[in-house]
Amino acid sequence: MKKILVYLVVFALISTFAVGCSSGGGGGAEKESKPEVVKIGVLFPFSGSMAALGEENFRGAEIARLVRNKQGGLWGKQIEFVKADAPDATAAVAEADRLINKEGMKVIIGSYSSSLSYAASEVAERNGVIYWEVGGISDPITSRGYKYLFRTVPTGSSFGIQAVKFAKAIAPDIGVKPEEMKIAIVHEDSMYGTTVGENAKAEAERQGLDLVEMVAYSAKTNDLSSVILKLKAANPDVLIATSYITDTILFWRQARELNFYVKAAIGTGAGYAMRDFAEAVGDDVNRIFNVDFPQLDTNPEFAKGIDEFKKLYEETFGEPPKSGHSLVAYAGALILWDVMEKAGSMDPEAIRKAALEVDIPDGETAVGFGCKFAGPDAENAGQNIKAYPLVAQWKNQKLVTVWPEEAAAGEIELPMKPWE
Amino acid sequence: MKTETNKETLISPQLYVPVLFFVLLFLIPLVIKNPFYIHNMILIFFYAALSSAWNIIGGFAGQISLGHAAFFGIGAYTSAILYVDFGISPWIGMLAGGVLAMLVAAGISYPCFKLRGPFFTLSTIAFGEVVRLLVSYFRDITRGAVGLLVPFKPGIGNLMFRGKIPYYYFALILMILVVVVSKKISVSRMGFYLTSLREDEEGAQAIGINTSLYKLWAVMISAFFAGIAGVFYAQYILFIEPESVFSSAMSTQFALMSIIGGMGTVAGPVVGSFILTPLSEFLRSTLGGSFQGLHFAIYGVLLIIVVILMPQGIVVWFKDKYEALLERLPNEKRREVKS
Amino acid sequence: MIEFFQVLVSGIMLGGIYSLISIGLTLIFGIMRILNFAHGEYLMIAMYLSFWLFKLLNIDPYVSIIIVVPALFLLGIISQKLVIKPIINAPPTMQIFATVGLSLVFQNLALFLWKADYRTVKTSYQTATIHLGPMLVSFPRMVAFLIAIIVSLGFFYFLKNTYTGKALRSIAQNREAAMLMGIDVSKMYMIAFALGTACVGVAGALLMPVYYVFPTVGTYFGVTAFVVVVLGGMGNMTGAFLGGLLIGVIESISGVYIDPSLKEAVYFIIFILVLLFKPSGLFGLRGAEEVGLK
Amino acid sequence: MLRIKDVNVFYGDIQALHNISMEINQGEIVALVGANAAGKTTTIQTISGINKCKSGSIEFMGERIDNKPPNKIVEMGVVQVPEGRKLFPFMTVLENLELGAYTPEARKHKKETLEMVFEMLPVLKERQKQLAGSLSGGQQQMCAIGRGLMARPKLIMFDEPSLGLAPILVQKTFEIIKKISEQGTTVLLVEQNVQHSLKMADKGYVLENGRIVLEGKGEDLLNNEYLKKAYLGI
């Protein structure tokens, strides 16, 4: 007994000191000391409640790394990732600190969750390190006038706005006049859901649509029957919904149980994009829309290289991609490699300059939309102003991009089928 | 139970050893400049301060609160809202946050003090959850679950700095402050009352101690410091959201450090934080990326082992050695008095 | 009016699930006086077991009960031996933290072994609905509700009419006297803990068709179970059953008529009020909170 | 029948019993008397296995029981009627009695023992459906005695059975104990009520501060000068 105590305390003490000596991050695959590597920090939630999509987001960047390394890497050197796990905002700050000040990272790719991105990018900015956001969508991330922060993905507000625009566009398909169409908005109440929901509301008001109900709830809940009964009483034609995966599944199962029917349901990302959703509710998923990052079934004419990505993903991870989160991270990281190649060094100043010069037209990337970053003086400094979300629809339990037309890989099917 | 300890002066090792230790901590940034290590030290001080604050009610008085994140969060939100919406300096916000946390603590704890043991703990969990849910609900004031971003405008008046060194000293001073207050309480009459009511509440009441009053004092002091630590957190991380500052994981953490270090002792929480904070950071940075979750599992196993094998906390294990060391140190006059 | 009854029925069905989870907790608390913070994690493990049985061996979640329940019973015995037994005489604080440690371990081992993915089973009946007049009731929830009733009745019978059941109750009321009757208290503790976890095993298997499993699923239900247990009167089986239904109804009604974001806050506040003003629970005898199981 | 030899018991660092030795023979009533906190309850708890002795031995029917858990000791036939009754308040009288017959051996004869107990203590029969917690003090004592008898003890130990009872009930309680003894059960009676208990005892021990200071035949002890002065106020 005493012995165990001694071991325990010794272990605890050793680990305390080991923080100092540990090389950190079990990360990057190859660790043999090849002299010439380019090290880049990656910061995602690998544990905790956001781990599932965090991992998916990261996988895109990982594939981009492998692709680039096969092509000869950066400046002839192989790229290596130093991984950091940030389950919450406090850890994000600590890990960003570790990556920058202990591992000496000059570039960090992150972070799927908006809260983590918020907190970690602040550390990067203070240290003059590039923060390359390939997943978090909340608007305020790029509203702080940061110089070293770049985001390749569209903003949360554009998700909400796009959803309303799309709702208006499909009014004829469900047989109502746009001005008579009744819209309900439901969203989970964290930063992500609220940003999307509030913007959808504002856009609906701008467009003069009839907003009959707006409900917010905590994604941690274990029952949504009350939300659904509320919506059912409002009886909307179109539902715009924002939720994470658990509550998406719960919502649609309970919607069926309680016989809640809408003519068109428009999800906005996260849960609505995930294969798990389709697996959980089966054919009930069909005809639900998803306003989101470009999905895996986007027209390859529009999203160049998307098929190659899917193939690589399957080869690397032994399963098909779970959602577009990997795809956007893949495309985002590829842009970063080009920027760094052009900058010619790890110097953040040079990378920043090169990034600001980027101007990729639409249809040239694996996500379809092009890339141009807003300058440091802009309201949305560092935001890719060419990024916008697409609308996909679940067909035979697969997401197929249906809107806008140039990206479409399939036809819009409406209205929703009533529950049997 | 010792109530009247020998008066300690600077030449007694009981005092000068900890003082030397703190002075040493003050000097560290002169040698170590790497912000990563400094950041870890800041976290250590931060959690030591919080855990010590928790220990005043949880350890001394034995009222196990698992809802302390509420007070921490109230401090963080008060000052952040005052600063962001009204431009009031966090220095004033700190006082406001601490006082508000204290008042809320008094208001919600007082009725709950009649609950004993596990029932009190359950009520604190419920209160913690209610506060979290309400903060999420009143979006107009708190921004709800979206979280509150504190814009970075460095300056001493804003309690925001470019480098980490000022944060280091702030956290260090905060920790020392809480430790000194804890020490004062532990040797005071109040400390004696708290310990006796922890051991036997009816007995304490029987000999005329107004137990509710002293518990109230303890929880108010505890919440005040938790609130101040919350303000520090907001100014350091610059982003707060209900999910993180009001989380039950946060509440548990304060208590864990104290338990593992040695509950009800002044040094316990500090020792706990000096071991656990680097340990969890270390486990996360070495295991986290490649093995999801494994680091927390190890953390849990450690916790169980400590609880089963060393219920008094690690500090007890060091105590004899530490006291032996003190005996050997220069001790001038004190020795005769003692013997 | 129909809407209101629909809300009520939905609440009762939800409550059935809460009841089922809480019965095990109330048993453990009532007899051992231990707040088991890992209770939700046993639920999580049961759900994973049921999930994997479905996924790998194609066993229906309802059928999986016959495997999940004994497995959880066994797990209960093992954890009781390794973790609970050494702390059975420790102060409540230490007991709380040992179980907190246990929940950390379970949760994160699950994360390590099975990743954070949300897993669901797909059965033919999972979204089937039953029409009760104008009201709709989900079939699997109805099943969970009915089984909650059966399990409560079963426990009620067991505690009232068998020697082991009476021995368990006697320990709750006076541990030392129970020893003096020749009752092997530490064996009874093991039985109580294992029965409590086995009960959660039933809940896990029944939840699988309506819910999904992921490593932190237990925290969602764990806290609610505590609320139910206190509301029902510590250690009171019938109380836990009725308490579960009550919380379900409160949650449902406040979600629809107040705000979905506040539904948990409403029942937490009710919980605190009950703790303060009727600590023996809504369905408990006065003074019973000190004695536990009846 | 029961032989206690040089038993020492500690609570933490404090020694509660010093070298206690006692002997109880089949069929006897043995009284263990002493003032409050003399160690009487500790002795009985040690025999029952609730407290463990640090040194010394306890033998019952020639078998060591000092290292056995309480339930095994009960199974061997050593049963205690605890101080303060310690009934199960939220269970009925009948359930309390049934729990008395918990050991496998006692369970086999439950029916007949129950009849015997009801006969001896008719009040229990009347109140069998009532919750034990709602009984009056005297009835509770009867219930506790009945519960002890249900185990079909070879040796029954009473810890302060007269405590808190009205004089008339005290009288009755002692009569019942006498009757139990007459039916062939060996009795160890722990009492503060020195006069009463020594009068009916075959043998008595006087405990003071954890030590046995006097022992002898019940009547002899009653005539002992020291005892008279210290305990009987004569």
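Chains: A, B, C and D, in written order; residue numbering restarts at 1 for each.
Simple rule for what comes next: a residue touches a chain if its C-beta (ideal position, glycine included) is under 8 Å from a C-beta of that chain, and two chains touch if they have at least 3 such contacts.
Predicted model only: the values in this text are computed from it and were never measured.
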item: Partner chains that subunit C and subunit D have in common; value: none
item: Per-chain Cα centre nearest the global Cα centre, belonging to chain; value: C
item: Farthest chain relative to subunit D (centres taken as mean CA coordinates); value: A
item: Distance between the centres, which are taken as Cα means, of subunit C and subunit B, whole angstrom; value: 33
item: Distance between chain centroids, defined by C-alpha means - subunit A, subunit C (Å); value: 36
item: Centroid spacing, where centroids are CA-atom means, of subunit B and subunit D in whole angstrom; value: 52
item: Interface hub residues of subunit C, defined as touching at least two other chains; value: 108, 111, 115-116, 259, 261, 264
item: Contacts with 2+ other chains: residues of subunit D; value: none
item: Junction residues of subunit A - those touching two or more other chains; value: 47, 51, 55, 189, 218
item: Pairwise chain contacts, counting only pairs that touch as defined; value: A-B, A-C, B-C, C-D
item: Residue ranges of subunit C in contact with subunit B within the complex; value: 33, 35, 83, 86-87, 90-94, 96-98, 100-105, 107-112, 115-116, 215, 219, 223, 226-227, 230, 259, 261-262, 264-265, 268-269, 271-272, 275-276, 279, 289
item: Footprint of subunit D on subunit C - complex, ascending; value: 163, 166-167, 169-170, 173-174, 176-185, 285, 288, 291, 293-294
item: Parts of subunit D lying in touch with subunit C, wherever the complex brings them together; value: 48, 50, 69-71, 74-75, 79-80, 82, 86-91, 95, 98-100, 102-103, 106-107, 147, 151
item: Residues of subunit C touching subunit A in the complex; value: 3, 6-7, 10-11, 14, 108, 111, 115-120, 122, 126-127, 129, 136, 138, 141, 210-212, 214, 216, 220-221, 224, 248, 251-256, 259-261, 263-264
item: Complex contacts: residues of subunit A adjacent to subunit C; value: 47-52, 55, 189, 215-218, 220-227, 229-230, 233, 245-246, 249-250, 253-254, 256-259, 276, 279-282, 284
